[in-house]
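Going by the order they are written in, the chains are A, B and C; count residues from 1 in each one.
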Amino acid sequence: MQKTNAGRFFEDYRVGDVIQHAVPRTVSGGERALYHALYPMRHALYSSDEFARDCGLPGGPLDDLAAFHIVFGKTVPDVSLNAVANLGYAEGRWLKPVWPGDTLRASSEVIGLKQNSNGRTGVVWVHSKGFNQHDDCVMEYKRWVMLRKRDQDAPAPETVLPELKAVLDPADLVIPEGLDFTGYDCTLAGEPHRLGDYEIGEKIDHVDGVTIEEAEHMMATRLWQNTSKVHFDVTARPDQRLIYGGHVISMARALSFNGLANAQMIVGLNGGAHANPCLAGNTVKAWSEVLDKARTDAPGVGAIRLRLVATKGGAPFALKGPDGKYLPDVLLDLDYWALMPV
Amino acid sequence: MQKTNAGRFFEDYRVGDVIQHAVPRTVSGGERALYHALYPMRHALYSSDEFARDCGLPGGPLDDLAAFHIVFGKTVPDVSLNAVANLGYAEGRWLKPVWPGDTLRASSEVIGLKQNSNGRTGVVWVHSKGFNQHDDCVMEYKRWVMLRKRDQDAPAPETVLPELKAVLDPADLVIPEGLDFTGYDCTLAGEPHRLGDYEIGEKIDHVDGVTIEEAEHMMATRLWQNTSKVHFDVTARPDQRLIYGGHVISMARALSFNGLANAQMIVGLNGGAHANPCLAGNTVKAWSEVLDKARTDAPGVGAIRLRLVATKGGAPFALKGPDGKYLPDVLLDLDYWALMPV
Amino acid sequence: MQKTNAGRFFEDYRVGDVIQHAVPRTVSGGERALYHALYPMRHALYSSDEFARDCGLPGGPLDDLAAFHIVFGKTVPDVSLNAVANLGYAEGRWLKPVWPGDTLRASSEVIGLKQNSNGRTGVVWVHSKGFNQHDDCVMEYKRWVMLRKRDQDAPAPETVLPELKAVLDPADLVIPEGLDFTGYDCTLAGEPHRLGDYEIGEKIDHVDGVTIEEAEHMMATRLWQNTSKVHFDVTARPDQRLIYGGHVISMARALSFNGLANAQMIVGLNGGAHANPCLAGNTVKAWSEVLDKARTDAPGVGAIRLRLVATKGGAPFALKGPDGKYLPDVLLDLDYWALMPV
């Protein structure tokens, strides 16, 4: 009997199937320290238990993207081990903060299938959820990937295309219980700019850059128990290890502190594209564009919708060429909602 | 007075001497997070406090090999600072799990001595033990190293050769108190294969590989407070830093998850050889061979004896050449007992 | 409105101004584990909660230099983002240990100003303090940096030169509450040498070396939330990333264990110079010179004043050339007080 996991192929998915992913994970202060060593994170709510308490929370949660990476990592062996491409994300929501001591597990429901016309590959849509030890859903997102078929002669499944929102409505966003920004301390947070200081359409060059090292992206990716071999094994690809797209997301988010220090909590992921591969030696920079703003019911808490773009060169604010395609220096184009003091 | 530690030489050991090693170490969730960032560890019992509780333990222990590395690291300044070669291990046993908050110290008793015929070196056998803050022995092993003499004219000691078991008997293995695999969840653990699914003689290619970085092996080796300078100082050797053999052990064990996800707890180390040096840039892969299987008294808990081989190239399952010597791509040949649900 | 922080320029400082620095930081066992993975730290009081308890403390504190780096990192965006040079330190004191769970914040008072004769730069002296969540000052130091002017035509401020002690008097040192070295265990600490075994003028070559990696110094510098871009962005300087001077301080201190294992707690920083830049690939070694010794009021606790020199080559004990300038292989010349059993 074959003992190793060969991963699933396109014909192994059925709409409605729910896959329970393996290897639950308990997080501690160790994960926070490592996350802050791997990325230049400075958002005060995640750096200081005291600051978080002053905002109505019991302490500083695990960084939202770390929670996302942990959930995502669990899905890899069942969803994307044989992926040709990670095509997109939609309707990502953070529903509960993750605290040190929490144990996370994940599941994915198959919500869409479409065989490609070449007959060799197909697209699978999944709705992935992360749960804590109380079986509360802490985050969810939808993702679609292109997968190889094991057997090209396997019949095409009925095409099912899920309806996905292009953008989460502000009313869809879940505000952590107790969050209160009425006493928010901008001096401790690092910048004076509140929601009212940002204009829709405004673009911010985050200025700082970080040159990427092999040891760092591998440590991060292993910490999330993401097993995709292209990130670790230089012999598995012609040239260089391919860096986990989530490493670029976290790096860009951390860099965006400089100009968006008060975009504290990520609560919604509207969409995202990994435009070009990132390799060790690349210097990652980031810029943001304000796409929307909204009020919430929580005291003093507003929501800001941001485009976050990571690049490995080129001028800030350059995104696509005249052909509508991403420029070769663009690594990431992410669309998310964050909570900010009004 | 010379203030720095020059290490011990062959003539400094007497059979029966017990050396108390320096620098006790308290471990926390930080050590766990780092261990899981440095190696692709996924064994559920060490990843999730909840999974461990469902197996009868109070929480997830520190990874067994991390405990071994901590104990081993303490012995280095007193045992192997002047070692010409690390010759072997035997009778390694894990006696108590190590929990976050525990403080470990170590001692070694000299149990054997034999001067080599060249008169310039000799072999020292030690029985090393790690203790927690309650003075419980948490693990022990025997190791022998070849050491230089300080003074070639020092008289040869009486030769004492310890009797060492080639393989631990299953009855020698100590099962952690409370361990119960009767409700073991294979889905959460990641693989369906139980002890009955493995056959003696079966070989498993673990498929995945990790390319080794200087920063990673140095971080690991420092975390274990192993002071051997060849691992850190590029000027101390002609070419490149030599990677701590324990880094290869942990890497291979982590890679073996893919095919041996349910070989949860390491309880016995029968032997091990570092066949060839590992250097940064090497891509480590692993394969295993099932050597034996046994029942234990604990509910649902079986024991599996495994050969774990790490390589830096070559085909899986190739171990030795026609001359009986390890092939040049073989890094490690380890023989251990692990606990697995029956 | 410009959203990113351009940093302060020389004309932005007024003597008497107190700057509250941003982004408070909660520390945990994660910071300790990372610190011990990044540097070969072995001082027993920081490695073992049990050893610390036997010395009268409630547990092992965060390493003193880690506390310093955290406080220092907070000051960077407000003090040294536009620094041409980090000129010196004086009157550094550790006033309270930092424990896992503590949250640190920092402030700096401007205590001196002097425009340079070129009219384009000036020197700013600050008195920086770190506080815990109880508003206790845990450490303080004075630092002076050379800063650019934004506007060369801005008028020169009145020159104010602070009075700085060249060396802290032993009576200025603050001994942690409860510290008691009367039962100090030299075997567990790793060396037999007590204060009485060191002579003023004695020099110690610490022998060991560590070759520096980009991934490691960036992880360390990010962990302290130091945002200075020269440490991270290879495109920000002509050649290579410049390593944070604090990385060299911690590395040299850790290496000094071998010969100064009982110089447990750093309580005073008399001065320090970063003599030459450190780059990845350099192999850092260290030597120390005993500058002074003193008694304290705490039982069994003495103080030792040490010069700690880090080098990237050359012979030990070589410091300056005939011209009085640091030799090109010297990285660091630090003058500090540590506590040692008498």
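Following the convention adopted for this analysis, a contact is a pair of C-beta atoms (placed from the backbone, for glycine too) under 8 Å apart; a residue touches a chain by one contact, two chains touch by 3 or more.
Keep in mind the model is a prediction, meaning the values are calculated, not measured.
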Angle of rotation relating subunit B to subunit C [CA atoms, steps of 5 degrees]: 120
Interface sides of subunit A and subunit B: same vs different residues, half threshold: different
Euclidean distance of C-alpha centroids - subunit A vs subunit B, Å: 36
Per-residue overlap in subunit B, given as positions that touch at least 2 other chains: 28-31, 33-34, 100, 213-216
Interfacial residue positions of subunit A with respect to subunit B in the complex: 1, 3-5, 20, 22-26, 28-31, 33-34, 77, 100-101, 103, 105, 133, 213-216, 218-220, 222-223, 225, 227, 229, 232-236, 241
Contact footprint of subunit C on subunit A as seen in their complex: 28-34, 36-42, 44, 47-51, 59-60, 100, 187-191, 193, 197-198, 204-211, 213-216, 258-261, 283
